[in-house]
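Everything on this sheet refers to the single structure shown next.
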Amino acid sequence: MSAARLGSVPGPVMVAAGCGGTGRELLPYADQSGLDGLDLVTRSITLDARSGGPGPRVVEVPGGLVNAVGLPNPGLEHFLATELPWLVRAGARVFVSVAGATMGEYADLARRLSRAPGVAGLEVNVGAPDEAGAGLFEVREPYHAASVIAAVRREFPTDRPVLAKLRPDVSRIVEGARACHEAGATAVVVGNAVPAAFADGRPAGLSGPAISPIALRCVAEVHRALPDVPTIGCGGVHDLASARAFLDAGARGVQVGTALLNDPTTVARLRAVLLPDHLTTPEETP
Amino acid sequence: MSAARLGSVPGPVMVAAGCGGTGRELLPYADQSGLDGLDLVTRSITLDARSGGPGPRVVEVPGGLVNAVGLPNPGLEHFLATELPWLVRAGARVFVSVAGATMGEYADLARRLSRAPGVAGLEVNVGAPDEAGAGLFEVREPYHAASVIAAVRREFPTDRPVLAKLRPDVSRIVEGARACHEAGATAVVVGNAVPAAFADGRPAGLSGPAISPIALRCVAEVHRALPDVPTIGCGGVHDLASARAFLDAGARGVQVGTALLNDPTTVARLRAVLLPDHLTTPEETP
Amino acid sequence: MPEERGTPAGPVHVEGEVVATKRVGAYRHLTLAAPGIPERFRAGSFVAVTVAGHVARRALWVHRVRGSSAFGPTLDVVVQVQGSGTAWLAAQPVGTRIAITGPLGRAFALPKEAVSCLLVGEGYAAAPLFPLAERLRERGCAVSLVVSAPDEAHLLSALEARRSARSVTVLTADGSVGQRGGVPDHVDELLRRSDADVVYAAGPAVVLRSAAAAAERAGAWSQVAVEVPTPCGTGLCHGCPLPVVGEDGVDRVVRACTEGPVVRGDRVRWDHL
Amino acid sequence: MPEERGTPAGPVHVEGEVVATKRVGAYRHLTLAAPGIPERFRAGSFVAVTVAGHVARRALWVHRVRGSSAFGPTLDVVVQVQGSGTAWLAAQPVGTRIAITGPLGRAFALPKEAVSCLLVGEGYAAAPLFPLAERLRERGCAVSLVVSAPDEAHLLSALEARRSARSVTVLTADGSVGQRGGVPDHVDELLRRSDADVVYAAGPAVVLRSAAAAAERAGAWSQVAVEVPTPCGTGLCHGCPLPVVGEDGVDRVVRACTEGPVVRGDRVRWDHL
């Protein structure tokens, strides 16, 4: 399968999963066009509603945040009934992040989302920093991630993108990116929060500027080994320089997570600069 | 082999490899007893001298440093002739960090160091953040690390400790710790700098407070899965709270690297508080 | 109780500036130029400020707003140094620029009629009760204000509030000024004396809980301003879980910064906070 | 040239404090209380200071030391704002506590005899030449001082140096004060005029290199104070590579903070810097 046949790569600036609230909360900080045309990844949606984990869920550390939020979300049905239509009406290009405990759940989510009007694409969360704790399908080896992508791809129209979101783990990222791309991922998001712990040892994920050099290494390695696999950099992007470092390393776009929590206007400001460039650069076709 | 037979675990506070200069530079910042009794890991020593990489070698990032120093060191022979005797005379308990391009080089280093007077133990660098760039033996899988440990252990007296220093990579750390311990490592140092890149994409390692939650997760996972394998936490320790987080997660000791670059008295200050506790706690025997 | 509606609505993100700073007892009072925020402010909403070198934001109650001043629109906050972020804030001289987002969260709901209200606040958290008292008085409500603190240094001055409040009671745990004791010790008696239909409370959980319980015992409404750590303050991170019972009687976890910080006292699942 | 030996030796790590601060042209001059450092100081050594929220340390030349003052032992530094760390330093008010380590590195070696010396400095880096000039004069050397800068705002005032120096020359690239031009344009002429046996230089690489080359052409010694980024400053990290030719003629990379910052000008491999 060629990437061209599997939907086009969004970008250059996207809202990362779980850092844009329900989407609505970004509206006061958007530019004049509101959410119109904004590439937004939802927080990870599961089949059933989840209330999330106990507090403290997010703790500050030098250069970043450590979080174990526990994927609070209203469940697929409620999401389809309320949050999605609002976002679609607001003009956002909605990439629904999906997370499941089994391959079957991923397939189910993909199938039902394929029929929902207005879903621009999917992002498959196959690299959460604490899958066991979050009760998610465990991705120990790259082929686990690839089978999930294949299962999702089978259920989701090939003209719409499916993004595979992987852990920024340098020892497996190239293999993971290759396997997911071969399984039908339009692009690979590199990466998620880095597996970490709170000071009391509780498993969590590290995000923010602190992890930017880690994600950047992974993007660079993937681009060097697999120049034809489109990547989207995610990890610590917070200003123009950090975004450009990813683009220079070969990423087609970046996602912004933690920086939005510090300054909710970050995505609007980055888009203002990077979108015009992006629109005038002819997209490379692999 | 039982850990008791393989030398005792140093601690509770050690100078991490590559962050104590040649050792001498720490003297002005030590307490009254100077380097006497200080557990010091040397920078990684290779068979032949290395001048290190080009500048910039160390760049500041939020919460930490990104470095690609390139293991500058005078080579084993010169080290044995000059630096080691000085350290031994100063009373330091010297753990020589060894790094090689092949298994044979590791064995060679261990053999020659086993005959050098005053070497308290070895630390085997099997988790550098950019092995390929540094021209080191590549540790892609846990069994690669374990074979290096076995090769070193064969050449080094069993009554002196051999520490295996691994990458803080959560997806392999438990397996790596188990394999290295079975291969004869007295304790496992968790971990090294995290694979990362400079802003221009050049491979490097991330260290400092930013990575502390990452290393802590790895220590906690190892301790949970393998409570009998002694671990030494390394990554971002910079104050009492960060040191205690590792000890509370089950580490027998901590190593301090980057924090010494910011405040060269860090190890002396931590030792002043943690050493008395340590000496009065009967050492657990696995 | 219906939400009050005004225009313009919704928060803004602005670069503010410290225009005055003053130590008062244990607190540092800051006046921040914050264009756009005063006209949107309603008592009980808060602002999130950026602290140099820190990723998480710091939430602060708004003590007072001025639509115009020599520095343009300003707001006053009261900072108690607790950790590195508040230490930084308290140390900033006039001229420091600070990114401010606000007003954030649900404000105190105002009664439709001119009823009697008891306002109970402890420590710096009493701050939002002062603009609330003014607003209530404008609506003809009889306001009884209770300002409490562990000791005099942590007591917000109630002087200015004497204009808006019919009665002002001061409590200190050590009895250094006003009546000795805390809110839990006095709230039932205060409620009876004020004959309030609505209780508004701001402060630590133990204060809020006792005020909510007293209100329930007396058959009054209560509105409590809950402090839960708010990493972003803007509703984006879901990092500020507030366990409540929904209108439908079902247990829920909502975002303290968005569905709160002010909620009905009888809705909070205190044991899970 | 032999190393001067004094006691006490070696660096110390102390908690210093900003005791005075003043803007002079483009620079911020800070006076720091730094117990233990002035008595150990020799011209050309530097201090490493801690900058809030930053892991790497910032190196600063020492412009002046006072063994005692109203604030105890102090040292003066000249800060040019370049990035976040120097911006922080320049913004600190009197009273800020700052961890200081020093004196660090090899200082300028002093001649055994009372020879003639040319001191060439550009920008803030001219700072260590002032205490050097004093020291040389104490030893009976004839000192010619050249202070250079892109423009007047970046020129260190040579007023005080007039006591220690036989002649003072001012150069600015834009000619706004003194002679127009840079060190490379004038150094041969200045060297000839001063008839110096030793050239001491401090400033950007281009200045150091031209001074070292001029010295070599004139058969004089040179000592240059090289600035290479120094993440720790204390010799611990090997992060400050300075490519030199050893006494044995072999190419080496040494630590700028420990084997430098002052080295013989003819030893630096400029093309590899």
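The first chain written gets the first letter, and so on, giving A, B, C and D; residue counts start at 1 in each chain.
Here is the rule we use: a residue touches a chain if its C-beta (ideal position, glycine included) is under 8 Å from a C-beta of that chain, and two chains touch if they have at least 3 such contacts.
Values in this document were obtained by computation on a predicted structure and should not be read as measured data.
Listed here as common contacts of chain C and chain D: no chain.
Contacts with chain B and chain D are shared by no chain at all. Farthest chain from chain A, judged by C-alpha centroids: D. In terms of their C-alpha centroids, the spacing between chain A and chain D amounts to 50 Å.
Per-chain Cα centroids separate chain A from chain C by 36 Å.
Counting partners per residue, chain B has 63-64, 208-209 as the residues that reach two or more other chains. In chain D, no residue touches at least two other chains.
Taken as a graph of touching chains, this assembly forms a single closed ring in which every chain touches exactly two others. Here the chains touching each other pair up as A-B, A-C, B-D, C-D.
Looking at the complex, you find that chain A touches chain B at residues 61-64, 66, 140, 167, 169-172, 194-201, 203-204, 206, 208-214, 216-217, 220, 236, 241, 245, 248-249.
Chain A meets chain C in the complex at residues 18-22, 25-29, 43, 51-58, 60, 63-65, 67, 69, 72, 208-209, 258, 260-265.
On the side of chain D, the complex with chain B involves touching residues 10-13, 50, 54-57, 99, 101, 228-229, 231-232, 234-241, 252-253, 258. Of all residues in chain C, only 52-53, 93 touch chain D in the complex they form.
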